[in-house]
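Two complexes, one shared chain (subunit A), two partners (subunit B, subunit C).
Here is the complex of A and B:
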C-alpha cells in the first residue's frame, strides 16, 4: 500500500514523553499547573483517548465543516431572518452569543493549559486540536452575529459582554474562570471537558440547534450543529484522565472536581437555558419543558457517564433533581423583573395559554410563581409601569453570583445559606453553593459579588442608575419586554369582559 | 432613569467602530478577545490572590516587555481558523502526495543503510524536539496579553504538531523497510543520550521553564525556533539531498513554509515591540543570555552532519541574519 493507515503511526505521534535532565520534572511540569496528584510521567502514559484524530485528518475535516457553515450563512444573508424573527428568538441569540462567544475563545487557552502541562502525551495532542476547535468556536460565534450589529445595538454585546460588569457576565466569568481558566491541566480536563462539555453543552447544543430550526433560523441552526460536532472530539479529553486518577487511588479528588463543576454548570444553565426553553420559545415550538429536557438529556445521560467511569452521583443529586423543576422559574422571574440589567429583551411568557402549559409541566406553578406574575400583570394592565421595574439589587450568591431565590407564593421556601469565614459574612443560594466554597475557601473568599461591591460603595451613585452604569449598560442596550407588552392585551381584554359581565 | 442618549447601532463592534476603515474578517474575529486584562488586581473573576491570578499578574502583565496597547498587534497574514485549514489542508495534500508517490516508487528501499542509520539518529528523534515547540507555543499563547498574539502562537503550535506528525509517519514507514535499525523504538534514547541532541534538549527544557511571557516569546521565536529550523530542517534537508533522500529534502522544504510564516509574524511583533523605548535593550539582553545555548545546540547537532560543509557556521549565521533583519 502506498499510504499508511492512521493507526500504523498514531501511537508514535503521542510517544513524546521524555525524562528531563537539565531541569527537574517538577520544574518542567509544576504541580500547580500540571495537577497535584503526585503521579509520575509514566503513570500518565496509560492515558488513551477513545476518539482519535490526526493532524491531516483534522485540517481536512474542519476545512469542509467551515465551508458548509459559512456557505449557508452567505446564502441566507439577504433573507431578512433577523428582521422577521420572533423577538423571543432574537433574545435567545443575543443571550447566547454574549455569554458564550468569547468564553469559547477563552476555552482555547484552557485547552492550551492541558497541551502544555498535562503529563499525558495523548491528552497533549488532543488538547492541541481542542485548542484549535475553541478558536473556531470563538471566531465563528463572533463572525455570525457581526452580520446583525448594524441592525440592533444589543448585538454588539456578542463581543462586548465579557468586558463588562453586567451581573450575568460576572456569573458566567466566575464559573468559567473557576473551572477552566484557573485550574491545573488535569482539573481542566475533568471540570471543563468531562463535567461541562460532556455533561451539559454537548446536549444543550443539540437542543439549541433544534430550537433554531423550529424558529426558522437555519444559519444559526447550522452553526450550532457544526460546532456541536467538534465537541465530541475534545469533550472526551477528561474521561481517560479520570480513569488514570481512579486507578491510582485518587477517586475522591476526581469526584470532588466533578461535583463542583456540575453544580456550577447547573446554576448557569438555570439562568441562561431554563428561561429560554420555558418562556422565550413560542408555545407552538416548545417540544419539551426545560425539566423534561434536563431529565432526558442531562440527568439520564450524565448518570450513565458517571457510573460508567466508576464515579458516584454527586452527594447533592436529590437536591439537584428537585431543583430542576424550580430554580429556573425564579431565575426567569428575577431576570425579567431586572430586565434593564440584561443586554437582551426577555420574553415574559405568561399569557393564559402559556400559564396553562406551565401548570401542566410544573403542577402548582400558578399557586407559586403565578402569584408573583399576577401582581406583575395587574400592574402592567393598570399602567403602573414603575411598579414593574426594580429599585434595588437582589441579594446574590457568593458562589454562583446569581440571585438568591426560592419558590414564592404558597410554596414559599426562599432561604439563604450564610457562612462566616475570616470575619466576613458570605451568602449562598443553596447548601451546595456553600459546600463548594468550603472545599477551597481561598479560591473564592477574596472575591466581591456585585452586591458586595454595591455595599462597599464601589458603585456610584448608589441606586439602580449607578448600577446600570457600572454594568456598562446604556439606553439602547438595556433590556425590556421582548414583545413590548403585547401579551398584556389578553389580560386587558379579559378584564373588560369581566367588567362588562 | 434620566433621559440619556439612546445608543444607536453601529456598523461594526463598538471597539472597532472609531476607525474609518471597514474591519476585515480577521479583525472582527481576532482582536481584543482576552478579557483577563479588565481588572489588574484580578485577571480572573475569583480571589485576587489565587495562584493563577498571581501567575498572570506576574508573568503576563508584569513582564518587563512593555507596550501601551498590545491589542493593536496584527498578524501580517491575518490568519483565521477558517483560512488556516484551507491553507494547511492544501499543504497536507501536497505532503501526503509526496509520501504516496515516493512510497510507490519504493524510495525507502533505495536508501543507503548508512543514511538510514543517520535518519535513525538525526531525523526521527526530532519528534521529541518538535513536540517541545508545540508545548512552548501553547504556553506563550496562553500567557500572551493580546488575542492576536495568542492566535499566532496557537497556529504555530498546530504547525508543530504537523511536523511531529510527519515525523511519526515517516518513522513508521522507515521501520517497515529497515526493521533492524530501531526506528520507532530508539528515538527517546537518542534524544536523551546522543550528544548530537543534548544541546537542543537543554535549550528546550530550559526554554520550557521560562514563565515570563516577554522572555518566553523571545526565547521561543527568536532563539530556539531559528536554531532548530536552520539545522533540523534546513541543514538536515541539505544533507538528505546529498544522500539521495529527496523525500526528506522536499518534506523539510514544505515545513519551512510554516517556519517562514512564523517568522513573518514574529517580525511584525518585534517591530511593534521596538516602538517602546527600552524594549530593544531588553530583547537584546535576552538574546545575549540565550544565544550561547542555541549556538551550543547548533554545534552539537551540525557536528554530526559531516557532508554539509560549514553546517554549524552557516546555521549560526542564518539565525543571526534573521535577528539582524529585525533590527536586533
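Here is the complex of A and C:
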C-alpha cells in the first residue's frame, strides 16, 4: 500500500479542535491560560504554521542530531581542549551554561502551556515538538558541562545557578518568569518564541558557535549549533499567532507584548553577550563587534520580521539604537568590578591593543569607559588591589534587575528613572524599563531587587561576605580576573619605559 | 540619628551606588561618603575641587552644612555628587 505524502494528511490530522458538550469552551480553555483575547476556537483554526513536521519525522531528525553532537563530544573527551583553552573562553562557557541550561527546562514548561492551552491546533502540534526540543536542550547543556565539574568548581553552576540568588540569575529569572512562566499560551508564543527566540537566541547561539569553532572547542560548537536548529524551528510558533491577533483587531495588545519582551531580552543580552563578544573573546578571534552583531541580527533582520508581520518598530527604537553602542560597556565594567559576585572569571579585555580595537569600533571609548579603566589599571599596576574591588552595592533597576548605568568620563550621562508607586520608591535604568512597569504595575510591584532585599535586612551580615553567602557563592566559586591580571604587565612595562625615558 | 540610604550618582562614574549615611550627616559628609565608592576606584580625584550634592535634575546645590534629616530626601533617592572648583 502506498504511503500518503505528508502534505496530503497533515492538515487534517492536526485539526484536533472539537465542540465541547460537557464543559464550556472557557472551561476547556480558561482565558487566563489560553489568552484573554475573546477569540473563539474558530478564529484560532486559521493559525497556519510555517513549519509542518510530523512526530515520526521529528523523532528521526532529532535522533540524528543527538547522535552527531554526542559523538563529537565522545571523540574529543580526551583532547584536553578545556584544560588548554584560553581562560576567557572557559568564562564564556561557564556564563552560558549557568544562565541557559536550566532555563531550557523552564522553556519546556512554557512550550507545554502552548501545547495544552492554545486554541490553535497547529500551535499545539508545533509546541509539542518544541517542548521536547527544550527538554533535549536542558539535558544536553547539563550533561556536557558535567565532565568539567571535577576540574573546576565554577562549572557546577551550570546546574546550580538557576536556584541561587546570584544577581545575574535574579535578573535572568525575573525576565523569563515575566515572558514565559506567568503568561498565557498566546502571550508565550509572542514573547518567548517570536520576540526572544527569533530576535535574540539566534544571535547568542550562532555567534557563540562561531566563537567556539575559533577557540577550537568543537564539542561546544557542535552542541550549540545542534540546539540552534531546533530553536529556528520552534521560534516560528509566534508568527502565525501574531497574524491571527492582528487580523482580529488585536494589534495593540500584540505590539505591547513584543515591545516588553524585546526590551527585556536586550537588557539580558547586554550583560551576558556584550562582554563576551567585546571583552572576553581574544582579539585575534573576534569577527564582529557586539554592536555590529546587533545591527546585523536585530536591527536588520528582526526589524524586517516585525514589519513583515504588520507590526511597528517598538516605540523606543531610537533609544535602543543608541544603547547598543553603550550599555554593554557599562555592564562589562560593572560585572568585572563586582567580579566576586560572578560564577565565572571575567576577562578584563583592556590591553592597549584591545583598547585600540574598542576605540575603532566605538569612537570615544577611551574618553569615557577608558577613563574608569585607567584608574583601575593604575591600581593594579601599583599593587593597590583593595581599590580594585567594591565596598557597596550598585543600585539595580526594579525591572531588568541589572545595575543602573550610563556612560562615564567625558560623556557622563548616568541617570536614574524613579517612580513612586503605592508609597514605595522604585528605580529604573531607563525610560523603557519604567514604561514596562507602568503597563502593569501590580504584576511587578511586589518584587524585591537585590538592593531592596539588602535594605530589608534579608542579607546578613550586611557586607560583601554576607552578600556573597546570600548569592550562594562558595569559596572557589566566586569570580576573579580570568588571566590573574597578567594583562597588566604591559602597562607596568609601559610605565617603566616612560620613567626611563 | 538614624541610618538613611541614598543612591549616589557620582560625576564621571558609570553606575549608581547605594550609600548608607546618617540623618545627622551634612551634605559635605554625604559627598565624602559617596566619594569612597567612586574616587580612586573608577574616577580620578580632581585637585582644587570640592564635591557638592544636588537632587537629580536640580540646578541648585543643597547647602553644604544642610543635614540629611532636613533636606527633604526620600530614602534611596538619587543624589548627584558634582565636582566644583574650590
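Just so we're on the same page, the second predicted complex is superposed on the first by the 500 of 501 C-alpha atoms of A that agree within 3 Å, B and C clash if a C-alpha of one lies under 4 Å from a C-alpha of the other, contacts with A are read in each partner's own complex, and residues count from 1 in each chain.
Please note the rule applied: a contact is a pair of C-beta atoms (placed from the backbone, for glycine too) under 8 Å apart; a residue touches a chain by one contact, two chains touch by 3 or more.
Fair warning: this is a prediction, and the values are worked out from it, not measured in the lab.
In the three-chain model built by superposing on subunit A, subunit B and subunit C fit together without any clash.
Between subunit B and subunit C, the partner in contact with more residues of subunit A is B.
When the two structures are aligned on the shared chain, A:490 is found in touch with neither subunit B nor subunit C. In the superposed pair of complexes, A:381 makes contact with neither subunit B nor subunit C.
In the superposition on chain A, A:206 makes contact with neither subunit B nor subunit C. In the superposed model, A:409 makes contact with subunit C only, not with subunit B. Looking at the shared chain after the overlay, A:146 reaches subunit B, while subunit C stays out of its contact range. Of the two partner chains placed by the overlay, only subunit C lies in contact with A:394; subunit B stays clear of it. Applying the stated contact rule after C-alpha superposition, one finds that A:54 touches subunit B and leaves subunit C untouched.
Put simply, the nearest alpha carbons of subunit B and subunit C end up 17 Å apart when the two models share chain A. Judged by the document's definition of touching, no subunit A residue lies at the interface with subunit B and also at the interface with subunit C. Of all residues in subunit A, those touching subunit B in their complex are 2-4, 8-10, 12-13, 15-16, 18-23, 27-28, 32, 54-56, 59-60, 62-63, 66, 70, 102, 105-106, 108-109, 112-113, 115-116, 124-125, 128, 131-132, 135-136, 138-140, 142-143, 146, 149-153, 155-156, 159-160, 162-163, 170, 173-174, 177-178, 181-183, 340, 442-447, 464-465, 468, 474-477.
Contacts from subunit A toward subunit C in the complex involve residues 330, 333-334, 337, 369, 371-372, 374-376, 379, 387-388, 390-395, 403-409, 412, 414-416, 418, 425, 427, 451, 454-455.
Here subunit B touches subunit A in the complex through residues 1-2, 4-15, 25, 28-30, 32-36, 38, 42, 44-53, 80-82, 84-86, 88-89, 92, 95-96, 99-101, 103-104, 127-128, 131, 134-136, 138-139, 141-142, 147, 150-151, 154, 157-158, 161-162, 164-165, 168-169, 171-173, 184, 187-188, 191-192, 201-202, 205-206, 208-209, going by the rule given at the top.
Residue ranges of subunit C in contact with subunit A, taken from their complex: 5, 7, 9, 11-20, 36-37, 40-44, 56, 74-78.
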